[in-house]
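Read through the structures below before going on.
The two complexes that follow have chain A in common; it is paired with chain B in the first and with chain C in the second.
Now for the complex of A and B:
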């Protein structure tokens, strides 16, 4: 029975990493409707931020998280102010522009930080394992899981328990009416985009010690993030959690019974089938129209 | 189109002239065939400087150029300078083929040094075979290729595994877990590994392949934990090596009980994953940067002086370096006679020289190289410690996993 428990925990861990990477996209795509193709590069910036803060200032990963969140968030804010706000009425152009931003970011990192794989160390306190019901689990994975849970709770609270969240939801429902009530839609949008970008940066920093850091790393993450968000249902935060958990368990257990190559193909197939019969995703936010 | 017509007309005119004056037809041959002339020997250098494998191939480009510069500084070859023509094929097999054609047909290079991936080598092969030119390939690869137009200076499976697998079995046990990236190289290596294990009475508890660039190994690690192998034989490449080692360590597995044995983990990958994740795992290769020999000290010092103190040399950059010296030795033998790809090929057969890894030799039949495989353990400082150096060089056999097939100077022979 041990291996089933172990596999469930593995699935949870994979799911938590998926959610971590997708959360920022869920905010940006879900609330603002902006298809941000540079999301993967925001993740990559976070990972390089962790590397740079460590190699230049000697900061360890945990203490650099705050700076990475603020730094990548600020970059996201500048992107929204400088490019995206001019394109809100033209979704296809946003897609192209953000993709271009992604390519530029990749090459800028390649030219400044170099193209070789970079090293981000795992925090010493989490380098061991902990025992959960008799199964040994990497304590760093447990930490990531808890961190993502906290991050999700904070995001949910921000959206549904603060006046900022109320204003954002108002703008999402009807921008013009919200503005008539005195909501500064521009400000709400740019802060939301910054928050989403900051989350992506955190994701990059947190996956770096488990995976590898290279200028091209974003490509894989942006694909995963879109799967999670689209499958979960755009605009539904809980849908994002559910689909991350589902995809995590699926890819974990399929990889266990067959192998990762087949698991990947089957997961993609399952997503296509689900989207075919439920184009709106697993969860739909009901809105009176 | 106009160029083609013009050269066609020229060809007609030339043939006419030779027929009339009775010149030996050898002149005609020289028009199309690459050869050294005017005190210059033109060679192509074809490593990607951009794209996905740009970083690693750049180090091969640097090692090649270093050797060329050294040879020229010491007076060239029989007084002739080597003129390198550097092209960047951008990690794309189709561009490799295009640039190879340019170097061979346009620039008339007598040899080209290049390629890291098998895909790029396969892409340029037809160019070199059609023009009967020579390609010098420095990377370890999966074998099962037999071309008289390629000089292979990297290891083939039998050279990395013949000593390694028995050593692992003896030291750790007979249960092996084979994991590789999903493409031809890991499959051929595992194929040979299984043959060796069969002979040694070993057992393969699982064999699996992950997609290229895969970075989530937790299910693989669960399977490793539930099958409890003695050795994890890894031919995972690129970013995935880094992820696999880190997640192995994070899961609390112990390299002393269940080490990873790799053919692809070099100083480069160790630097990216961090010494703590690499420590205690094994690699088999003919060259490690720490290898103690006067030639290697010279090579490492020269490389750092030329390209920067923080640069590392590794088991693909070393052959990139010594194969230029092999080329030099072959061309030296041709003093006074024609220097073109077929004569260079004949001259390089059986050539020996002392490379940084030890004395190496070109096998006259299959044009692969006798090498000195070593077994090394990675240490937490990011370098390797060589545990075993074998007393003899190992002959290359690109068809070791396919008894009955043999690569000879006349091509592949089936028996």
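Now for the complex of A and C:
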């Protein structure tokens, strides 16, 4: 029993990190149709932001989160204004252009902060473990889990309970009609992209204490995050949660049964099969085209 | 697409364009064959041969991406499989240190493998290896294509599925260490020997082998694009549903495009092993696969020779600059920026630039002839080739 619980908790922890990274992507891809390959680099920027704020200004991870969110968000806004808005008519090309942006970001970080691994300390208060039903879990992981849950709730509220969310959903449904009703579609899109980028930055800052920080760290996240989003269904926030949980549990338990590599290969194969039979995602019942 | 037009003068013009295209392709190939005459440095020749091989893969991608609209992010899978087939055959021709002739490859001994694995046995025949180097990638591409296109998976999902398939292949190759050499790949290979002729990687003979294969596959692909199937590929790229309504089996044509592309990529992979003298999991990793896409995009995704030249130029410059650390760093930066700019302003790459200039010239000459309606037609066809991806 303990063992199953242990597995479930490991899966939840992996899943929460997946969701954290995928949430920003889900918003950008789901509502704007932009395939943001630079998302992993936004995550990386967040992680480096945490490292820089900590080593230069001595800021604690928790207090630097706000700055990171705003900083990476602003960068995302600039990216949307400078490059992406010219590519809305060519969705596959957004994939190429944002990949180029990712390469540039990686290289800029490598040139400024250096290519070596960096480490970000865990916040003092979360350095211990807590016991959940008799299983010891790192309290930082519990904090990440709760933080992600709160972030998700905030995002949901933003999308469905604010006038900004209403405008965004209107633009997603029919850009021209929304514009006729006085919605500034350009502004909505650039803010949405900025919000998604900001979320990626937060993700980077939060995973920084768990993994080492390097210019290449983003690549691993972006692929996984894409699978989460595609699996969940591009326009469904709850689908994203469900698929993050599913993938987290799958990788957790498959890694236990066989080795890590085979687990990853099996998860990928499962995703290939799922996309083939449900390209609209697992958790979407109707799709507008 | 200009071929669709029916008026007699337009048709004769498109025939002329077609001849021009063949002439341009032949000129590029001739240039490639002339290179060794001017270069006496075997090391440099080996490097150029390497770029030619990479150009072949980019060209193969142009066929499936630029013509049939299939953005295959897993192109390196075909390439890597081809290179491993060749490496297995060449490895079996070496005399292992521990087990003597006819013995086990060294890395198998290190991994405590007792007998030659069954999958390796047929690779004792070079003919089998060469056939496998093309057929294995084709079969996998066809299987993947059948799986995707029969389910009418399109666009981004094709990109994601092919990418995932590539990652699976890469993980498996690394994980099956005792059969594939894992992270280290297959090293210390024998030299390729065909028809009693030895191909030393650092010699003009290997260069000519690569150049010949490149020319043959370039013209084979050109023939495909100019055939009826090639027209249907382009029609599928532009509007899949319309082609389906005409009664064509869209999935079958897409599978064909992906298979031909995989065959060329597999051949290129085999040559890569010969040129590099090893095979490694980096031959089928995600960065290489994305680089192929970039070469293709910068050179011109809708032009076979454009993609080829794009790959040779970019890989060549990268190779030339990689000698000094400082240059390499700034090079990556410049490359990234260039790439973004190309995507933004030159969706058809360098080849698109050529077409653009040619159209402008043709337009102005027509204007001076006083034909009033033609420029509008030319613009229509130019914009048609332009925006769709």
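The definition used in the following text is that the second predicted complex is superposed on the first by the 284 of 289 C-alpha atoms of A that agree within 3 Å, B and C clash if a C-alpha of one lies under 4 Å from a C-alpha of the other, contacts with A are read in each partner's own complex, and residues count from 1 in each chain.
The rule we apply is simple: a contact is a pair of C-beta atoms (placed from the backbone, for glycine too) under 8 Å apart; a residue touches a chain by one contact, two chains touch by 3 or more.
The structure displayed is predicted, hence computed values, not measured ones.
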(request) Name the contact category of A:116: first (chain B only), second (chain C only), both, or neither. (result) first
(request) Name the contact category of A:209: first (chain B only), second (chain C only), both, or neither. (result) first
(request) Report for A:147: first if it touches chain B alone, second if chain C alone, otherwise both or neither. (result) neither
(message) Per the contact definition in the header, classify A:220: touching chain B only (first), chain C only (second), both, or neither.
(response) first
(request) With the two complexes superposed on chain A, say which partner A:127 touches: chain B (first), chain C (second), both, or neither. (result) first
(request) Check the residue A:3 against both partner chains and state whether it touches chain B (first), chain C (second), both, or neither. (result) first
(request) Pick one for A:259: touches chain B only (first), chain C only (second), both, or neither. (result) both
(message) Can you give me the overlap between the chain B contact set and the chain C contact set on chain A?
(response) 259, 261, 264
(message) Help me check something: in the complex, which residues belonging to chain A touch chain B?
(response) 3, 6-7, 10, 13-14, 17, 114-119, 121-122, 127-129, 136-138, 140-141, 209-214, 216-217, 220, 251-253, 255-256, 259-261, 263-264
(request) Could you please specify the touching residues of chain B with respect to chain A in the complex? (result) 52, 54-55, 182, 208-211, 213-216, 218-220, 222-223, 225-226, 239-240, 242-243, 246-247, 249-252, 268-269, 271-274, 276
(request) Using the touch rule from the top, collect the residues of chain A that touch chain C in their complex. (result) 35, 83, 86-87, 89-93, 95-97, 99-104, 106-108, 110-111, 219, 223, 226-227, 230, 259, 261-262, 264-265, 268-269, 271-272, 275-277, 279
(request) Write out the stretch or stretches of chain C touching chain A in their complex. (result) 71, 147-148, 151, 153, 155-157, 159-161, 163-165, 167-168, 171-172, 174-175, 286, 290, 293-294, 297, 329, 332-333, 335-337, 339-340, 343-344, 347, 387, 389
